[in-house]
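The structures considered in this document are given below.
Below are two complexes that have subunit A in common, paired first with subunit B and then with subunit C.
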Partner chain A sequence: MEQTATRSWHDPGLLVKALPSVLLQTTCFIAPLLMTFILTFQRTRDFQLRWTWDLATWTDVFSKPHYWTILGHTLVMAAACVAICMVLAFPIAYGLATRFKRFENEIKILITFAFITDATLKTFGWVLFLDKKGAANFLLSGLGLPPESVAFLFTDWATLLGMVYNLLPFAIFTLYLSIDTIDRSLILAAYDAGASKWRAHWEVTLPLCKPGIWAGSVLIFLLGVGVFLEPKVLGGGVSPMSAELIRQTFETRVNWPLGAALTLVLMVVSVFVVLLFSRILNMKRAGFGT
Partner chain B sequence: MTTAPILDIQDVHKDYNTYQALKGVSLKVRRGEFIALVGPSGCGKTTLLKQIAGFEDATSGTISIDGRDMAGVPAAQRPTSMVFQKLALFPHMTVAENIGFPLKLRKVPAAQIAQRVNEMIALMELKPIYLDRFPRALSGGEQQRVALARSMISSPKLLLLDEPLSALDVKLKKVLQSELKRLHRSVGVTFVHVTHDLEEAMMLADRICVMRAGRILQLGDPTDIYYRPADAFVAGFIGETNLLPIDVVSRNAAGITYRSEGIADPTGTIPAPLVADSVSPGQALMNVRPELIRRIGTHENADCAVNATVTEIFSKGGTVQYRARMPEGHDLAIEIQGTSALPMQVGENVRLGWAKKDIWVLAPGEA
Partner chain C sequence: MSKTWYSDLPQYYQKQIRAMGLDEAGLQRRRFMKGAAAAAGVAMLGANSQQARAATQMTYMCWEGYNDPRIIDPFNKANDTEVGFDLIVDSPGGFAKLQAGASREVDLVSSDMPWITRMGPAGLAMELNPDDYADVYASFYDQFKPPFEPLISDGKTIGVATRWGWVGPCVNTDVTKPEVWKTYDPVFDPANKDKICVMDWGDWPILPMALHAGINPYEELDQAALEEVRKVLRAMFKNTRTIVGDLTQAQKGLLDGSLLGCIGAGSYLTSAVRKQGHKNIMAVVPDPKNGLNQGIIWVEATAILKETDQPELAQKLLKHVVSKDSGKVLSLLDSTCNVVTNKAVEELYTPEEKDILQVDYMWHAWDNSQMHRIAPNIDDMLSIWQEELAAAK
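Showing the complex of A and B:
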């Protein structure tokens, strides 16, 4: 290990070979992050950025619990979204990979279409559906239920519904891929060894899906932490989430250093949560000892 | 020990939509027997094995194991165990967890499982250090032994083997074949082994069941199948052979009377024990194995003699194989023990003969 590392530095061709990757990483990833980080040490006054190099922004961030309440709320919402998506997506993905294999392509195309339809459009669609005088209440009152029985628009529940609706395809596809790669004879081997259907699920299918469940969860969690459309449109902006707070800080308050600091906090906390869970779930074992 | 069959299959049919995979299969397997199901791909041998294991339900017919009808009994509750073609070792479990899995499902205490796992790895001659490794860290042959150990640990009444050796290289295959035979002798469990490799079946099995297109063509011990094949298909499937067309003039209790253009036979009769039941007057085939044909002198007497021209010589190491063409255009394969001085040359006209006791007459059928 050590030797190849030192030797690779002596290889003059290496830098040339790595140059495209280094350039791409720097311009697209490292430089923006670095600029964001630098921004947090400046101040804005009269809607102008001043190069001050002090810790005023960070003092502000760590002294106001308001920001942290919103962050906590965001994390809880994203985690709830992950849980709901996984529970809903597993049977769908399982059915796609096994029972409905014949209609696999048709169903996949339908899901993809729903997926690539603009999120804004779908989110406003839900507003129309869930509104006091919307389609849902119309249908339910037609069934004899009291008027306005669907009344959770502009609450966290509506936000969560929108998040789950928009992020579910990620869960379905990642789970589908991992279920589809499971060798059918492994399930038969479990039955043959004496396992009931549930036991085979629990002992074989689920553990073998662990990488897929994990990948889907990370994806949805990180996307869920960043949603701004759903809390604004479906949640009615009543309880904002981090992304909306950041947008407001940048656009409405024109406080770029604070916006940058809140962005970094959100990023660091999200990554920390992901790392923490990967440690808890011991993903090394799920990778089957590689 | 009871004489009732451990496995009794009665007229089993299996249809997949319009495709008939099994068209009425009946088979009785004796307790402790090693039986091989052999046939070309698509003959229904694996389908039959799936019905026995309980992965699929037969369309009609009954399968009984140890006197108990298996209809409606799921795979998990059948006293069978399968070794899969691709082994199907659980990649997320260690070797020890894999082998112990059937016992874990039966809620056997952990200490007892550990003890049984150790017994199994000793039986399979696996090293104990492998127990904590994952299957993928093991070689093909070792994985094979783990799969066998997992199948044997719950002491099944029937061990079903679905071509588990087909993916291995020739050398390792030979080792594991003798291993299987040893295992069968030492544990006394009934083995049902599916293979398309006839040599493997001949080597391992007490009885061979040759299948084709969803039916059993012949069931018998290896010698039966080899020297007394039921029809031209079985004869051709099992090693190389010579099938010479003859005209059966008449058939009676003593045997048959026949005519043939190329074969010089002073008596023109073949006794009944050497004739398949299906043979009736008309077209038939005389089956002679290449190794039973020898070169004879011009005036030497033989039960059956033909004239032929040597066309090709193949040296196969221990033996030499010749091809010779009879004047009627029929090709003969001859195999003799290899010697440094070749007794026949290409282009030479020779007289070949064989003993009547080495003949087997069978109905033409579809080859």
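Showing the complex of A and C:
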């Protein structure tokens, strides 16, 4: 054991190998984060930063409920996006890894194309489709439905639609990678033991997909709390989320200390939510609460 | 042969450095940075590039449109220079960027007037001597000739006004009558629920609403006045269908009639659509209410950065931007069309272009408007905006 420890921390070769990573983390993550934290103790006056070292910004953050209303709304939207993405992505990823193996590459290319198409373009495309005078209403009225049947543009539902649409490929690919690595013989063994298709899926496939589900959920949740375009363009800006609040604070109000504080709050709360869910899952896995 | 800072570089780069005059001792930092950028450009574009031939480089921070080749190319040619651009998408963002250090690289800035004026006390912009610009001011509308008070800070002239327009309701005359918009009342009419568009352009939608509430936002406001602003914003959000930051979204909504009126914009929004032939889209200014003008005149201005190493060339560029020929181009861009401060440009307009720009209406708008300047309580009002928006849904 002692030898392992010596090799880990006193081996100059290992330290040299770790140096690029440590430098990268320090310069690109820890230092900017520290600067952001330091910024929160300053003030702006006449749109200029003043080095004051006080708690005025944090007092502002904790005394005004609207920051927390927007944060709560952001977390709910991100969680809803995770749930919908997972429900939609699972059958797609499962089909890709099993039933449609023959067309696997073609489907992956199609999804990748959708994935790499600019999100701004796709989001504005949805506006043209969902608009009162848009393609959806035009098609539906052609089918005899009343005019303006689709009327949810500039609502939270439209925001959610855009979020799911733009983030779904992340869920599909993480789940696909997870399902693709499942040993098929385990499922066949379940069938041999008398399990129905549904039971084999529930008791073998799904538990073995948990790492993919978890990884995809975390990824989508963290991307979801940072969405900016969808609430602005599809949501009509009338129900802002945290990223927009932070943008407004930095850009429009030129209040960098407050923007920095709101950024840190969003980061801390998001990581806390992820850790909380991770803890709950670990407790369940360990047998608590079942 | 003495060793220089660049003698270890390959011969090719040494040649470029000498060609650009960067081999003088004691280079200023900004000149070095510009030279490095040019050298990188040369490396990428080849030795025959325009950059290699231009004697000087300048950086111009401006809105899109000021960088139009029809404006800049003649200047480059006449002065053997290469003007590079740092395009801004919002004035506060441009100001913040300059404060964060970009002022060392930028020579000239064209932005919204209050932000140009702020550059004076912020130590970013150079004080201009109006006498040096007498030739320019000679052809200006009287309203913009010195002393043009909104561009003066602590008795110092900070910039020269370039382009202007008015803020007021933007409407489609096919679905609503302009006479209805002689007041902002339709914004609050329950019959217009989900038919009002608000521009998400910082203070632009807040200031007209404050004026409608009887508050002059350009004066120092007390808590009671701010409470009135809160009430009017709360009422506005009740009818708001969308808050957009993008011009095209608002223009599309006005054109297809899904939006009755757009608040927080004005001639800047409507003119480009009018240029495309949609003369039914227009920007109007409400009538004064209880003696308080309800419209707002916005002005863009140009200033020279204090840290420029080419003050004479920067001054030349400023004069070029407000010249008659540049003014014509600047006032009739594809993205937006707005009148300019140089009166001589008016002679160049066709009747059709005058109609696009609502030239016949502009002095009516001027007479019924406040001049946009620094609103002392703008941060309080923006904070109220955020609070009320969060509570609106």
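A few notes on this one:
Just so it is clear, the second predicted complex is superposed on the first by the 265 of 290 C-alpha atoms of A that agree within 3 Å, B and C clash if a C-alpha of one lies under 4 Å from a C-alpha of the other, contacts with A are read in each partner's own complex, and residues count from 1 in each chain.
Basically, a residue touches a chain if its C-beta (ideal position, glycine included) is under 8 Å from a C-beta of that chain, and two chains touch if they have at least 3 such contacts.
Note that the structure is predicted; figures quoted are calculated from it, not measured.
When the two complexes are overlaid on subunit A, subunit B and subunit C sit side by side with no clash. Legend: residue contacts after superposition of the two complexes on their common chain; A:D183 is shown touching subunit B, with no touch to subunit C. After overlaying the two complexes on the shared chain, residue contacts for A:D192 are found with subunit B alone; subunit C is out of touch. Here subunit B and subunit C are compared by how many residues of subunit A each touches, and C touches more. Of the two partner chains placed around the shared chain by superposition, subunit B is the only one that A:P207 touches, whereas subunit C remains out of contact. Once chain A of one complex is fitted onto chain A of the other, the partner contacts of A:D118 are absent, as it touches neither subunit B nor subunit C.
By the touch criterion defined above, A:V254 reaches subunit C but does not reach subunit B.
Subunit B and subunit C, viewed from the C-alpha centre of subunit A in the overlaid structures, lie at an angle of 150 degrees when rounded to the nearest 10.
Of the two partner chains, subunit C is the only one touched by A:D131; subunit B is not.
Here subunit B and subunit C sit at a least CA-CA distance of 45 Å once the structures share a frame through chain A.
When the two complexes are superposed on chain A, none of the residues of subunit A touches both subunit B and subunit C. Across the complex, subunit C is touched by residues 44, 46-49, 64, 66-67, 69-70, 127, 131-133, 154, 156, 232-233, 236-240, 245, 248-256 of subunit A.
Every residue of subunit C that touches subunit A in the complex is listed here, in rising order: 90, 92-93, 95-96, 99, 118, 121-122, 200, 202-203, 237, 240-246, 249, 256-258, 379, 382-383, 386-387, 389-393. Of all residues in subunit B, those touching subunit A in their complex are 53-55, 74-77, 80-82, 84-86, 88-92, 101-102, 105-106, 133-134, 136-137, 150, 154. The touching residues of subunit A, counted against subunit B in their complex, run 183, 185-186, 188-196, 199, 203-204, 207-208, 210, 285-286, 288-289.
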